[in-house]
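Note that the chains are named A, B, C and D in the order they appear, and that numbering of residues resets to 1 at the start of each chain.
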Amino acid sequence: MSHTEHIEPIFRTSPERTAKMMAIMLGISVVGAAIFFGMWDYWISAPPVAGLGPAAQQPTAPVAVTGKEIQVSLSFVESADFRTLAFNALPGEPDNNPDIHANVGDKIIFDVVNSGKSFHAFGVTQEDEGFTGIIAGSEIASASNPLRPNQSGQSEFIPTKEGTYYYICTVPGHREQGMVGQIIVGPKQSSGTQTVKPTGASHNFEFNFVESSDFRTLGFNALPGEAGSNPEIRVKAGDSVTVKVTNTGKSFHSFGVVTNPEDFNSIVWNSAISSASNPLKPGQSGDVTFTAGATGTYYYICTVPGHSIQGMQGKFIVE
Amino acid sequence: MVKVSGHSTWPEWIYIGVVVALLVWVGAEAWNVERLIEHVPADAQIIKVTGQQWFWTFEHADGTKEIGELHLQKGKPYKFEITSKDVIHSFNIPDYVVLQDAVPGRINTVWFVPKDTGEFPIQCREYCGLIHYNMRGTLYVEDTA
Amino acid sequence: MVLEIQKPRPIWQIMFSTHHTDVGLLYLITSLAALFMGGALALAIRLELFFPGAQIIADSMTFNRMFTVHGTTLIFLFILPFASAIGNYLIPIMVRYKDMAYPKLNAIAFWMIPPGFALIWLGFADFTWNAYAPYSIISAPGPAADMWIFGLKILGVSSILGAINFIVTILKCKHPDLPLSKIPLLAWAYLTSSLIMIVAMPTFAAALLMLLTDRLAVSGFFNPAMGGDPIAYQHLFWFTFHPEVYVLVIPAIGFMYEIIPRFSRKPIFSHSSGVAAFILLSIVGFASWAHHMYASGMSFTEKTVFMVGTLAAVPASAMHVFNFLATMWGGRIRFATPMMWSVGGIALFFSAGAGGVVNSAMPLDFVTHDSYWVVGHFHLFVMGTIAFGSFGFLYYIFPYVTGRMYNEKWGNIHFITSFIGAVMIFFTQHVLGLYGMPRRIFDYPPFPEWIAMNQFASIGGMLLGVSAAIFLANMIYSSAKGKEANMDDPWGIGGKYYYPYQQKNPHH
Amino acid sequence: MKKIVGLSCMLTILLVLPTIQYVFAQDAPGEYLDRRVEIWNLFFRMMTVAFVIGAIVSGTLIWLVWRFRESNPKAKPTKYEEAGEW
């Protein structure tokens, strides 16, 4: 191929040019590095929106003041052959008959739509079978005057005591066909300041996060089974409690007092120290002061998912 | 035509023939072995395996649960029904060449027969976050007695 | 550090030029910067794994972020831009046109890289370079993850624009009396790899968008909590990135097609079989993506289909190896640095390929999936083949770029140390995988075999680090003070070169 | 040519043996097949072949490098050199 004619003269790179180029690249690197290391931890400070559980949607952990509202939207669905009925999704699919977690005094607001083809009505009962005992105010339409397809309605329900309630379709037989879900009502919670008057008394507790060498069992202060592991705490309602935790382990931990040890989102009284998405690194420690709320049995746990099941949980009893 | 130094092409054709033959052999062998190990014995016991950040939960047929530890009987066939609570993990027992992804929202199965008693490491093979490196468990194979 | 087409200009003029050699130079420098930054991360990772337990890296989060950025950087910011650099230098000359088809588009494609670079490096995401859902959706902390997604979005668009440019330049701007069958194999390499890029990349671009909206919880394509399917993401991802592997390797093969005949003092053995192999690969390459997902719960049938698809891609690569060996046969070979890199590249290319064939057997996936075998395998490709080919071609084009000669002795030392180092790391990693060590782990239980092999690999890593330092010093020193190259024939081996300022522009 | 013959022999052997193996393996009653054995045997069969091929190819490569290097006394100019065209 013809590619042999020269365009004279041949210019060659000079040391100055190379030096200049290196200086430019070095400058860019230095500036970049400055920003990079300066912001190091900021870039991973925000947990993804999609990752947060429903309870954690409110940034400050769900302090259940009476009058806290829980929005629940449900829809009646039916299988093609109308034999199986359910809320939101047919059995086996995700979000089928979702459990509702609430605490005594919370206001649950139902927004129910009939996305099926037949007629349905809504209600909350404590009976574990049948369609009787519907709690006043919780019902939407009725078996005699049901919701027609694509109609919807609202109702409210304020649980008055702990236990399990059921939200059902009050049309006879529909509950048996699967249109039933649970409402699990936890102990009454309160922000302490509003319902419980401060007693002035204050306690200090110190915990260390400890891990077994194989990381499989975890505990506070000592591994489960050893002396002084997960000590039980008793305080009076209204006492101000100061907790200082130190991560003496190798992995990541965070602290919180919860109503349900399985559910690291049920933190009460703003008692959290750091969080699962931004936990205490090994050697770090943190503290928090909060006022113990209504009497009852609570748990202090490591709010990193799984850790409480692995042993990082102790009783926190308010008298 | 561009300048080339190739004179005859038959060596290349033979070469390609050999390569293809080898590939066919590899494919056949692999297909055969896969067919054998995919066949689950009817009497295999089902173990429900659940992965979550960052530990394994095992549920036996009788409903007993174990966390991070799995106790099995020597010489019995077991079928793992593997799923995940949060992100994708991969259930792996290197010594028994058992490996299957734990995918949230679906159940994957793999079966094996523990032939030797002893302790074998269980680990997570799919990157799953902070403590992925330590999402480990132990398989205890005990004599049927 | 630039070959002057016109009289010497200030550097900022070169930066904002749209001439193909200037853009090529910018690509070249950027890719080398990325090479050294990504390599530094690799060294840190190897040091960390030298002993079990935390060594130099404080926590697993940092470690995870490091290997994520290591992979992303070297694939998207070293290999691809380097290929574009060489393409910019030589493709217009090889098809005898005055410049790339769309000079401005060319410059734009380059200038999309720095923002992507910045996003990826500032964010330092932690969800590995393939960002599997749902981890990347529900668990990976932002804004790092979102920045990574945006960064890759930009880089993806940039490489699509680059690919369009190459395709048009080669197909539409080649000299009228130069039929497509006659353009050099390097140009053919760019044509085919660009075509693959055009077909494959949009899929990933779409997947990235879905990932982003999923992270914002406004959609749930891949989020099981919202009824999505995480496996769908893996399919979209690998539909792009298995062909992408060929996008990465084909230019490297092209480099060898340029270097090996040159230094063997012989024309290529068979131009047509090279072309055939390229075309074959670019088609069959789309039939094998899901072999990355055997363990994700695929059915026996699916596995079989994709294994066959994988094996079908092998003969093409085998033809290249044959072509190389047959070209060297009966030549009079000058083992200058570029030739050394190419021959070493062929050797490792073959080993990687053989390992790949073995690994494509479905049952073996139970052994190798996500273990260090996989790491060793693809590093043999990206380092052993692609990077080696690229280094070789960098030495080959060095006199063209700087007008000066690199230091031959240190070039050889660079090759030898790199070759030994690569073999030490990557072959050891294969065995490590067979011993069951998972990849992407910050710490490992102190099994004696694991420790021993990790340390051996890490020593190889250090060796690579040393060779990289030698390389950098050689490049800087030679570009400034190296002896002036004889621009007609830098190695004194005769023959005709494709030579940036030699070309007579056929159009004026 | 000999190379090919040798290869094909080896292939037939490698194909026949495992077939026989597992035909007999099926007969034993109550015996579950051990995935370890199956998979690792497959692996080692393939590695055997891989290393044989590897030896051939890398052997060829090394010989080429040694034989056709410029500094080899037997090296002579290729017929393209006087034209200076390649």
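Basically, contacts are C-beta pairs under 8 Å (C-beta built on N, C-alpha and C of every residue); 3 or more make two chains touch, one makes a residue touch a chain.
From a predicted model like this one, the values you see are computed outputs, not experimental measurements.
The chains in contact with subunit A and with subunit C alike are B. If you compare C-D with B-C, the chain pair joined by more contacting C-beta pairs is B-C.
Centres computed as Cα averages put subunit B at a distance of 28 Å from subunit D. Our note on geometry: subunit A versus subunit B, Cα centroid distance of 33 Å, whole angstroms.
In subunit A, the residues touching two or more other chains are 94, 252.
Counting partner chains per residue, subunit B shows two or more touched chains at residues 3, 5, 22, 26, 29-30, 33, 37, 53, 86, 95, 97-98, 105, 130-131, 134, 136. In subunit D, the residues that reach two or more other chains under the touch definition are 35, 38-40, 42, 46, 53, 80, 85-86.
Pairwise chain contacts in this structure: A-B, A-C, B-C, B-D, C-D. Interface residues of subunit C facing subunit D in the complex, by the touch rule stated above, are 261-262, 264-267, 321, 325, 328-335, 343, 346-347, 350-351, 354-355, 357-358, 361, 363-364, 366-367, 494-496.
By the touch criterion stated above, subunit A contacts subunit B in their complex at residues 94, 214-216, 251-252, 305-306, 309-310. Residue ranges on subunit C touching subunit A, taken from their complex, read 1-5, 7-8, 11, 29, 33, 54, 58-59, 61, 65, 93, 96, 118, 121-124, 126, 137-145, 147, 178, 214-217, 220, 223-227, 402-404, 476, 479-481, 484, 487, 496, 498-499, 501-504.
Residues 3, 5, 14, 18, 21-22, 25-26, 28-30, 32-33, 36-37, 41, 77, 95-98, 112-113, 115 of subunit B are the ones touching subunit D in the complex.
Those residues of subunit C whose C-beta lies close enough to touch subunit B in the complex are 60-61, 64, 126-128, 132-135, 138-140, 181-182, 184, 224-225, 229-231, 266-273, 295-297, 300, 303-304, 307-308, 311-312, 314-315, 318-319, 322, 326-327, 330, 357-358, 360-367, 369-371, 435-436, 438-445.
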